[in-house]
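Note that the chains take the letters A, B, C and D in the order they are written out, and that residue 1 is the start of every chain.
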Amino acid sequence: MTTATSIQLLAPQCVLVFTAIVIFVGGAFSEGRGPWKQLGIFGLVMSGLILAQHQRAFETLLQHNEVAATFGPVSLDLLGYLASWLALGVGVLLVLQVTGTDARGPAPEVIGSLLLLVAGLMLAAQANDLVLLFLALELISIPTYVLLALARPTPAGREAALKYFFLSILSSGLTLYGFSFLYGVAGSTQLADLYSVAAGPLHAFTSLPLLVRLGVLLVVAGLGMKIAIVPLHFYAPDVYQGTSPAAAAMLSAVPKIAGVIVLVRVAAAARPDLGELGWKLMLGLSVITMTLGNVLALWQRNVRRLLAYSSIAHAGYLLIGLAVWLAVPDKSVAGSGHPVTPGLAVSGLSAALFYLVVYSVASLGTFAAIGYLGRPDRPLDTVSELAGVASSHPAIAAALALFMFSLAGLPPLAGFWGKLMLIIRALSVDVGPSAISPGVRHWFIVVSVIAVLNAAISAAYYLRIIGAMYFRPQHGAPAADGGLGTKLATGLAAVLVVGMSLYAGPALHGSDVAAESGAVPLPAAATPRARPAVAQNGQPSVAVPQLSAASR
Amino acid sequence: MSDPLANIRTLLVLVPALPLLAAVVTAVLGPRVLKSRAHWPVVLGLGLSAIVALMLLAEVNRHSRNMAHDSKLAATGHVTLWRWTGIPDVLATPPAAAAAMEKAHTTPPRMLPFDVDVTLRVDPLTALMLSMVTFVSFLVAIYAVGYMHGDRSYWRFFAYVGLFVFSMTMLVLVSNFLLLYVFWEAVGMCSYLLIGFWYQKPEAAAAGKKAFLVNRVGDFGFALGIFLIWITYGTLNFHDTTLSSGGVLPGVLGQIRLGDASLYVPGGLATAICLLLLVGACGKSAQFPLHVWLPDAMEGPTPVSALIHAATMVTAGVYMIVRCTPLFGASPQAQQVVAIIGGLTALLAAIIAVTQTDLKRILAYSTISQLGYMFLGLGTGSMLGISAGMFHLLTHAFFKALLFLGAGSVMHALGGVIDLRQFSGLRRKMPVTCWTFLIGCLALAGVLPFAGFWSKDRILAAVHERAHAVVAGYHSSFPVYEWLYWVAIGTAFLTAFYTFRAFFLAFCGPERVPAAAHPHESPNTMTLPLAILAAFAAGIGLTLEAGSWFDSFLAESPSLAALAAHETGPAGSHLHVAVLSTVVVLIGIGLAAFFYLGERTQIDRLAMWLRPVYEASHRKLWFDEVYDLLIVGPLRILAYLLSLVDRFLIDGLVNLIGRLPVWLGAVLRPTQNGLLQSYALAMAIGVLVLLGTLVLF
Amino acid sequence: MMEFSPQHLLLWSLALPLIGAGLICLLNDGRPQRARTIALVTTLLTLLVAGRVAFMFPANGINLESTGGAFALTDASWLGKISGLDVRFSVGLDGLSVWFYALSALLSFCCVLLSWESIHERPATFYSLLLMLLCGMMGVFAARDILLFYVFFEFTLIPLYFLIGIWGHEDRNYAATKFFLFTLTGSVLTFLGLLTVVLVNFSHTGDLTFSIPKLTAALGPVGGHPMPLHLQLWIFAALTAGFAIKVPLFPLHTWLPLAHTQAPAAGSVLLAGVLLKLGTYGFARFNLPLAPEATAWLLPALLWISVAGIIYGALVALAQTDMKRLIAYSSVSHLGFCMLGLFALTPLAVQGGMLQAVNHGLSTGGLFAIMGMIHDRYHTREISALGGLARRTPWMALFMVFFTFSSIGLPGLNGFAGEFLLLAGMFQRAWMTTGPGGLGLKVIAVLAVSGVVLGAWYMLWLVQRVFFGPLREPHGTGHGHGSHDELGHDLKQPDRPLVRDLSLREIGALVPLAVFIFWIGLCPQFFLSRMAPALQEATQPAAAAWQARQTNEAADRQTALNPRPSVPVVAETSP
Amino acid sequence: MNELGLLENMLVVGALLFGIGLVGLCARRNMIVMFLSAELMLQGVSVSLVGWSRFHNDWGGQMLVIFIIAVAACEAAIALALLVTLFADRGSLDVTLWQSLREDNLPPHVDIEVPEPTDEEPHWPTLTPAGNQPRVDAEKQRHRTHV
């Protein structure tokens, strides 16, 4: 496997980056608003086509019945592959619904940074190396700063950009610090090495597991800001309120997906050392996040601020899936001696991924609808402005109601299937056959009850939006000229949600397979690790320290 | 004749079918087609039904002797129309049922089914009641043609009457406690509709509601009784039925159980059952605790009062107790209570009737009093007493209907005025009504040749005999029946007094008429029934008493057969009772004449002298006020309080829980204060806390 | 293509409403005429199909053993087999659900007729929501798979939320939201209870099945291995949270009067007629068979709550000034009767209870229909504003008296059939239990029978107050829909157009209900025989558990009385 | 110094730098200083990374450091661009100006300005003027107050 193949693997990202560059440069020089949106879509489509080529690479891979293969820092596995498709989907929805700050349409830089974002997300999905992970995260963060700065020229927009910028730097600092510890333990930036070290026989008896836990914890903290978990959620309400609906849509989807995928990669690699900390941390965070998100959302009058809190709440539900995944011992962990039924071991992760997909689509749809109902220069702010929309724009109102009911988790919509998968997996940890110590710990039953009650609380504020639209008489028609793009995006998202509601089979299967490959740490890198050459002057450049040798 | 009872079965079904058919035809064709001729279907239907009933009476008379002894023959007398419910193995076989089954050589199964078939049976008791009900209804229907002439919803009245007669006939015919309860309430519903016939009159609507609710209270007791019977005897059917798993399930009043008195559960359970049945009977026959609805029921049109609240419905209670004689036989205490209730009601009603000024109210209280007499008769528990009660029921039906119809024709003549203070001396203007009314009064008071004397005398005799005979094994310390005998005599005096007071006030004295009215004799459609009823009121007592056919015929009905066989002793001479009662009645009439003929001054002085008693009696012993004070009032207040509890306490609690998340939100809101650096600080602290967890796990 | 096997008919009955709703949305031209005709045709067709299936149901459960007691069973995989989860679309009727299934079709047909002229704004949405609600209701009763049951159970919330919220009366927004959240909170807990049951079965038998018959068999005392008592109690509590709110059991009923007073006529008819039965159906379908020991353990408490509901509902109804609110509280009382019957666990009481649930649907459905008609004419629900309407609208008075008699349980009509059976069954239960518990049950039985009297009181008070007595109409209103009335001039207000009596359409809405009321009243056996086997199967375990508790308690009392060292009683181990 | 001691020192220095950066970010009100302290955190991480790399005798860590520096550069560019627009808008780099987006029932956070330690104006007792006034030169008078 030569570096050529790793470049070839990154082809879709390259196409996106190249299109972004063309848009940036073209935009800089041409005065009028060029066909940047169409170009953006074209770039995404091309990248999709190339990604489809990878399908063949999989066939070859699957003949040797390997789940995944790594080529240097880049890996080729189902989680990465499906996550890339998700990234492209999200990208299309975002590019469609982004509107400029005035009638002339979106600035080229906004489209360009969106493309870069998507490229960063795809990179994060396929990265297998700490460096590349860091690069991918930054490739997502930096265009986000540009996007937020350009989204709304008002003081509020700038304040939002400012807040996101500083808190994002803080979080990437934390992530990096976590990476440094992981690197310290693994001895190499490859995740596979981290896993082989962590899973090593003697490893458990040294002080290194503490370091691994510290590293993972810092990574969780860093990524927490992206997924909007409680202690790091503070930016979300203010930034969502400040920016335009399209930017808020991007914030609610892309960083969340990236954060979850990177977290899965790192956690899979560092899993043997995590022990109880892993799922207890996740459970604790999920309970606090859910409750705070739902409870504060009840107070909000601004629509986007309300949706921010709802995104925090949904992050809480996600964590339950991850907690279940970390709680149920992986079958490959030697010595756990617990027969684990095939489906359930990895099912927590699949439930979380499926929930993530359903949430992203519904959230993007919601923001597209709100974008459509407002004017480019003055987006729709308070819930009461939604009054009477059902009579003036029945289609959009119906779509918005659909998204609200799906987010609230009401059957028969997709949100319900997401919550069902989460809850049934969570309960199966305590009640099902794989119950580790049945009857002793009822953590997951308690959390399920809290999650279910939170769903009921969330229904309250989703109902407020639906109530405003359908029950209140209309005063002052909302100037719904968000443009064709937002309407298309809403329609597309609605179709996706209805599709997943009526026949959730394929989506569920996809998330299952992705979870299958994501849970297993990637195989060791094919290429030999870069080794510093022995210093010419005959002295071993560095006496290999006694500690790490012992641990090898 | 291959099947001796074949035509009994056809007649039996025909009796209720005709009024039902008439009612349906009137209801469907009434408003548009028949309009003023809407009475024809019902009158015809009732007439035919009366004839069929009489034919049925004749048939039963012919076969009753051998039906009583040959159970298989009696069984063929049943007609099963359809199966109401049939739920298999519902109740574990109770001991009483098991014992009866052994007697009938069938092995008792572990679980009994709950089978209820709509079965009609006929025996002398039923035949008697049928003929009385249908005949009186027929006469009242004819009378109503005149009385209700020109009413806006003429057809509706006749439809209701048809429905009522159907329900009453079915009540008497059915052979199952549950169906008895069904038609018990159906009759109550018809009385509700008929009392509230002029629904625009608020008093009528309220009276209808009151009647139904008081009946419902009675039915509450009746239902409890039925459940208890079902639990103890395993079945609700009167007659014996065959189980699906083979073998015979002996009915509560079936041949098997009647044959051997020991099969009836004695003791506390029997008393409980009988007392509950008594509550039902009191509700329906307006006895002491539940009698308040009958006087108000006079708001309905007078034919209704005559038909329902004199002759037929109110006697349902008496019929039920007679039907359940074996049950009552098992608990002497219950029979004693029946007697006491009867005696007490008779006395109280008579006292109230004395001072009433409204003619219909007087007749209503008189009905309650006479029903009290019947209950008293049944309470003696002897065959003599029971047949006396039934005999009184029969005669009472005729003369009370006569009196009510008489009052009706007075109202008809005077344009709806019935208050005795506003008119008098109608004898010249309404001779027929006057004389028929007089005959009715004589019968009611119990003067010698008239019907009332014979039946009331029988009851007094039965009570007298019961007072002196010591029933084996049961001797109550307090001479109850002694006291009841003297109460009965006192009531007879009062009855005579208020009857003739009403007659003298209405028909004698100077002719005085309310302003707008111009009195005239009622049309012959009204006077004809009066005349017929008068003839019956005069003659029936004598005819039945002479041939003593009545006792023997009644004794052949299964429920009473055992009792009759048991008491074969010669009927003691009751001459002294007859003499005493006649003397008392004559004194009553004399006093009434003294006070109310000629100028009526002495009565005012007497009223002044007995002021408290007069006030009590005039105010109907304050029953309504007491009930409002003790029951209706508190319940309304409780209802209001509960509605407040519901709106504030429970709803408040629910809203409180609803607001919990919002309060939690309010607590957490200040964390989001907008300053970038406080966020950074909070994140830093959050991360430190997370690191803290490292130490724990 | 149209096949007439029960399976196809059942599927068609579920699909028709959705097709109808789709058609209405497509052909929507803003005017009510087209929408309501499509709705009428759809509901009529659904009623015919549903009726056909219901009446094909074999009496006494003959030859239903093969399909696990389900009739017209269709079992297809829905979400495919994903990581061990086998969610199936299995739909079929059994004794418990066949009459509720038919009842919802019947009431929906009446509702369309009811709201023919009273719906003016957005008629297309109204009728399509009504049809979606119909599909949801029928789906709940036909579901044989727990998840499908729960999906339909919640799916009925959305249309009703909009029905109350958009076409309701003055305080509709609050009422709709309270109704939605109150019921949702309860039902999410039920969701948890149901999933726990599935997983416990999974841990025992290893196959993750959601099908109801399999689960009841696996967790039932006979054959399967029942759950330990403490787990059963937890599951009973979770399931009761949702179902108790739906049946408004006593303390959780405060949403019902509010929802009823604010809902439009069609909404409150369906809400009272069918949606309250979801709770009763849920108890009979899940609580009793799956947690028999827990039911036995909680029996006295449940009976006390039911009887409290009866008396409390009746009394509070007495103090109401708003007609619909009064009937709502009467529903609380009636459902108290049904639950009393269900929890008495004797065969008679259980069949009486479920029959009474069907009866309540018919009689209260009729009553709310009439309330709707009064509201169409006088735009008020205040009892004090109305009086002597029989003078103005005799036909409406006739139907009102008829439905009142049916609801207070007048013999000969359906109310009596159900009530008598369930009270007899309760009596049997009370008199069969010896020991201290018996006295409590006896008191409950007597109180329940007294509920019948209270029931008659407030209903007759309402009828007398509104329909009889002198004519009194709210001033200024009383304008009928017809421009002129052929009944002749109006006495007091010659210039005001007269209020019209029931039109043929309105009578057509009420007559089917009356027909069934008579049928159940005169021959309940036809209906009971269909319900009997399934009910017996559902309640038998709980009854046996109660019997076992009784014998144990009796034994304990025995040993407590004479504690001589008797032969150690070998505690029979549960299988 | 053996390898382990060297590593520990490097990690301690890195941690210290990280801590200082974090405190700086949270404490200083000037936005540019905040950005600088954020960069300081990244430097802290770089130091510890180099330590580990040296310890493991592996290039990976240092490779990561180089990427960190590159990324830090991009962030600096964007940070300054953003700060320029913010300064143009509000005329000051104080971060407390930017707190309009918050929960709507909370008052804005106002820093309590520590008052400058001004020595209050000396005032001498003024006698009622008697006799002829001293000739006062305005210029000198003005100068005197500033002493």
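What we mean here is this: contacts are C-beta pairs under 8 Å (C-beta built on N, C-alpha and C of every residue); 3 or more make two chains touch, one makes a residue touch a chain.
Treat the numbers as computed from the prediction; the structure is a model and nothing was measured.
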Across the interfaces B-D and A-D, which one involves more C-beta pairs in contact?
A-D
Kindly work out which chain lies most centrally, taking the average of its C-alpha atoms as its position.
C
I'd like the Å distance between the centres of chain B and chain D, where a centre is the mean of that chain's Cα atoms.
100
Calculate how many whole Å lie between the centre of chain C and the centre of chain D, each centre taken as the average of the chain's C-alpha atoms.
70
Counting in whole Å, what is the centre-to-centre distance of chain A and chain D, each centre being its mean C-alpha position?
34
Using Cα averages as centroids, what's the distance between chain A and chain C in whole Å?
45
Chain B residues touching 2+ other chains are 669, 672, 674, 676, 680, 684
Can you pull out the residues of chain A that are in contact with at least two other chains?
162-163, 166, 170, 237-238, 299, 460
Note: chain D residues in touch with at least two other chains are 22, 25, 34, 95, 98-103
Could you run through all the chain pairs that touch each other?
A-B, A-C, A-D, B-C, B-D
Under the stated contact criterion, what part of chain B meets chain D in this complex?
669-670, 672-678, 680-681, 684
Show me the residue ranges of chain B that touch chain A in the complex, using the header's touch definition.
661-662, 664-666, 668-669, 671-672, 674, 676, 679-680, 682-687, 689-691, 693-694, 697
Interface residues, chain B side, partner chain C - complex:
82-87, 89-92, 114, 178, 181-186, 189, 196, 199-202, 204-206, 208-209, 212-213, 216-217, 220, 223-224, 227-228, 230-231, 635-636, 638-640, 642-643, 646, 650-651, 654, 658
Chain A contact footprint on chain D (complex, rising order):
2-4, 14, 18, 21-22, 25, 31, 34-35, 38, 41-42, 44-45, 48-49, 52-61, 63-64, 67-68, 71, 74-75, 78-79, 81-82, 85-86, 89-90, 95, 98-104
Chain A - residues contacting chain C, complex
341-344, 346-347, 350, 391, 405, 410-412, 416-417, 420-421, 423-424, 427-428, 431-433, 435, 445, 448-449, 452-453, 455-456, 459-460, 463, 467, 470-472, 503-505, 508-509, 512
